[in-house]
Amino acid sequence: MILKNIDFQKVIEKVSFETLKFPDNGKVAAYIPPLARVNPNKFGISLVTLDGKIYSFGDYDEKFSIQSIAKVFALAIAYNLLGKELWKRVGVEPSGTPFNSLVQLEYDKGIPRNPFINAGALVISDVLLEHLENPKRYLIEYVRKLCDCENIDYNPEIAEGEKAVGYRNAAIVNLMKDFGNIKNDVDEVLDFYFNLCSIEMTTVQLAKSFLLFAAGGILPHSGERILTVSKTKRINAIMQTCGFYDEAGEFAFKVGLPGKSGVGGGIAAIHPGYYSVAVWSPRLNEKGNSISGMKALELLTTETQLSIF
Amino acid sequence: MILKNIDFQKVIEKVSFETLKFPDNGKVAAYIPPLARVNPNKFGISLVTLDGKIYSFGDYDEKFSIQSIAKVFALAIAYNLLGKELWKRVGVEPSGTPFNSLVQLEYDKGIPRNPFINAGALVISDVLLEHLENPKRYLIEYVRKLCDCENIDYNPEIAEGEKAVGYRNAAIVNLMKDFGNIKNDVDEVLDFYFNLCSIEMTTVQLAKSFLLFAAGGILPHSGERILTVSKTKRINAIMQTCGFYDEAGEFAFKVGLPGKSGVGGGIAAIHPGYYSVAVWSPRLNEKGNSISGMKALELLTTETQLSIF
Amino acid sequence: MILKNIDFQKVIEKVSFETLKFPDNGKVAAYIPPLARVNPNKFGISLVTLDGKIYSFGDYDEKFSIQSIAKVFALAIAYNLLGKELWKRVGVEPSGTPFNSLVQLEYDKGIPRNPFINAGALVISDVLLEHLENPKRYLIEYVRKLCDCENIDYNPEIAEGEKAVGYRNAAIVNLMKDFGNIKNDVDEVLDFYFNLCSIEMTTVQLAKSFLLFAAGGILPHSGERILTVSKTKRINAIMQTCGFYDEAGEFAFKVGLPGKSGVGGGIAAIHPGYYSVAVWSPRLNEKGNSISGMKALELLTTETQLSIF
Amino acid sequence: MILKNIDFQKVIEKVSFETLKFPDNGKVAAYIPPLARVNPNKFGISLVTLDGKIYSFGDYDEKFSIQSIAKVFALAIAYNLLGKELWKRVGVEPSGTPFNSLVQLEYDKGIPRNPFINAGALVISDVLLEHLENPKRYLIEYVRKLCDCENIDYNPEIAEGEKAVGYRNAAIVNLMKDFGNIKNDVDEVLDFYFNLCSIEMTTVQLAKSFLLFAAGGILPHSGERILTVSKTKRINAIMQTCGFYDEAGEFAFKVGLPGKSGVGGGIAAIHPGYYSVAVWSPRLNEKGNSISGMKALELLTTETQLSIF
């Protein structure tokens, strides 16, 4: 595993070519107009090594909706705010059921299985609303800082679109409120959550903003410590076991890196101690994960012989 | 992460002392007499590095029932026999429900979520019965070879004890037979399964027999390749996401190593590229995992700063 | 079964005495203040025979919150409006799970099992909102007509109280909206539903307003046909199989009459062709049914030897 | 409701003609050969009034496999043996899930919801094995006595056929044994259960043997009391709420009589105080109930204006 011997630009290009040859009949998320009209054939990938070198291919400088990937940022903030008290309100176990199911939530009396299913991210949203003065501004500035770029924002059309069809999330947050696990007004929690899911980034920006998880919690570009080593590892472990809805096992099995996917077709992943990587391809499988994105990461770890396993 | 700088013997001892100071009110598995009468205060740990050096502490040369840990060996054999065809009969996703639940099995029409819940290990047993001439002998000789020691065997009293109370496993195997996912006679499958769970080893033997998973599929003592790199990584990924019943997330969160536990109080874990480790302490938490065993491994990765995350 | 030989006043009194001797440690519903402060020791019972004779005992002229019993009136209106089309949006099977569970609703893709669980009554509310110009006024005038008394109304304090804690019902209605089984705005549906549950009546009024279900759909006091014979029978059948949350079997088993209970401690029941009966006692068992109410009806059918079985 | 004015022979014939005009694309149960080879177009119906008069039409003197209908006889015997102690081992609530599901059984810790789902009938079988010297002989003689005919027996080919594919029932009984709710050897319980399901009768015999449930527990032909009035009513109530797998509500809704169906295509039902009726037509709907059988009974209650509601 001698990193300097790897020509990452070549690897990224080879992986991209092979991925693009692979037939992909996935469907773009179509539940809200701004997602439905994305060009399904987009493909971008960016890899950033710990020393800050960036390797990219394809549509890497085009912004897309990172959707649930943003839940990792919200988790990082909440974990820093509450420490291990956070785990009284949300678990760290994989869910075994789809990301938006109410069955397990009812069985577990309103405590979501992990912070990445919708219920868990709604509780995290509630935590941020409870402890931050201006949570929306705090979040977006946090992401800009991780990424070291100002040019990142919410997309209000996406947030509005989510709200207009967000009945299932409203069901989830009301159910948790009934169980006492939501402290704020349900509409405020939903508003924050839909904004969280509306952040747009390029693969370059996304890979850069995930680099601290590969770097033990330090921002390589500034040297600033954002998370303790221990908290970083634990967030990585949660990404590993829960980052891909009910395909977390499949992703661990094939790719072997902690990561998080979103229905916008993005995936961000890291190899601790080595690099972060972001890929975007809007066609999804039936579990809601990017088909070509997963393929590209599988080929990446095969090609580099670098996986955490 | 410069391995040679770590004095593993010192680490093992420090970890053991700290673990033993930690109060442990867990209960020994008592559903069969030979498990119930084990001294609850036993504690042994062994760590083997890739170069074959062994570091141990406590009751490391006393045999105990490795129970479900043996499912990893059975999986390795079955995976080699069937290749990826195996995944048509058993999944690789965490279960989200207790290890012996029938709910998800019925919902998923007889396909177990992963090879480490009881249902999955019964399917793996069925595969071995289908493809090996003398599966019981094959399995025990396979384990002896991994460990490089002849002195390992089934404990017939344990196997008989399991059979005498094995109604839930009988329910599981009959349900899968109903769904067409068991090819052999249900009683033969159960007999093999109960023997599989009856293997006894010391922590030294267990750590040695897991070393190939840390070594990319090669037996370090002989240089023989047992599993391809890819198959090894994938078994490690399954251990990571599914190795601890419904506490896999907790283990990933706190320890950060792929591993497998058993109700005999044993845990085997590996750090790919570095070492394998086995720990034994019979007191279990309510999820069926060794309390002091999990604590010791948590302290080990904290102390060495070595985790896959 | 010669009705005229029964002295119903004597029966009612005997049943009441025996019921009141029976120890009742049930708890009054306490989730909203106006229910919590009801005197737990209230007990009233009224029986009305087809010829309009009324037999009562105890607190029979005191109003109480009939709560879910009002769902029967809403069902009768909706069934008349839509006919058998109604059964595309709500089933007629017992639920097997608590009245406010989301599990089965998710499994059945937003189609409630029957019109008496909360989800079903919310769909019925949605139907009334869809087809009536002023559904709140229509409903209350419908009830007054069945009862032949003007002195019946909503209790706004109850409706407000329900709304203030109605997160689970909000979860249910949002989940059904997500599945496309709610046509109106979720807040309007909830508002109507909470009003529906706030109606207050005496046992005399309640028994009188249920008499048409014992009379094949005709109002005995005016001779007006409200429901066809067939629709009446079918509503009775639904009361029989689904009227007591997950205790419908127990009620059929012990009492043997179609009926409907409410968490205000009321129960209305009918013997087709003979009589209607209403009982009120606020102490509830853990399933949410009035303990003394069920006891009184059990004794009534034992005493009169009149049950549908 | 003046019974003597009804010409039952005419009604039976009219109902039969209308039923046979109704298109029936149901499928004959095909999981065992002796059921699969039954002529799907068979149709027989018999109605017996309390005074012993028999009215029949079609294939009423041909024997068929009554299957689960026999569970009513087993329940009657067990209820007489244990009295209300029986309800500690089996419930009286409808199940809300298919007749052979393990989900609710696991949730309810091995206590079946009612005596008519497979799990419940297996517990009833276990009770008979526990308390009777020769339960198989006792059962068949009991049925012969109810029917007042010797010419009724088990069909060993059916019993063997059930056993050969009985993995799901084996799963159920093992799961209950695990929970401690089965006292005998699981194989003995299964053997009795498969015999119970193998009894063959004509519609005439079946209607006659159900007459006691319409007659308050007395055998009209001999005057012998078999069950108390109270026990009879309670068995009727269980038939009403649980007799048609997860279509009990539908049957109550459309037919309005207590009854029990079997996958052989038979249905037995009663109108307390009036008559018993048996119908046989092997084509089943997806819930496992006879399509034409249910239709005929629906037409019967419509035609006679006689339903318990």
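We just call them A, B, C and D in the order they show up, numbering each chain from 1.
Definition applied: contacts are C-beta pairs under 8 Å (C-beta built on N, C-alpha and C of every residue); 3 or more make two chains touch, one makes a residue touch a chain.
Because the structure is a prediction, the values reported are computed rather than measured.
At the far end from chain A, in terms of centres built from Cα atoms, lies D.
Chain centres here are Cα means. That of chain A falls 56 Å from that of chain D. Centroids built from CA atoms put chain D at 48 Å from chain B. Multi-chain contact residues of chain D (touching two or more other chains): none found.
With chains as nodes and touching pairs as edges, the resulting graph is a single ring in which every chain has exactly two contacts. By the touch criterion stated above, chain C contacts chain D in their complex at residues 1, 91-97, 104, 113-114, 229-230, 232-234, 236-238, 240-242, 246-250, 252-254, 256, 258, 272-273, 302, 305, 307-309.
The touching residues of chain C, counted against chain A in their complex, run 101-103, 106-107, 167-168, 170-172, 174-175, 177-178, 186.
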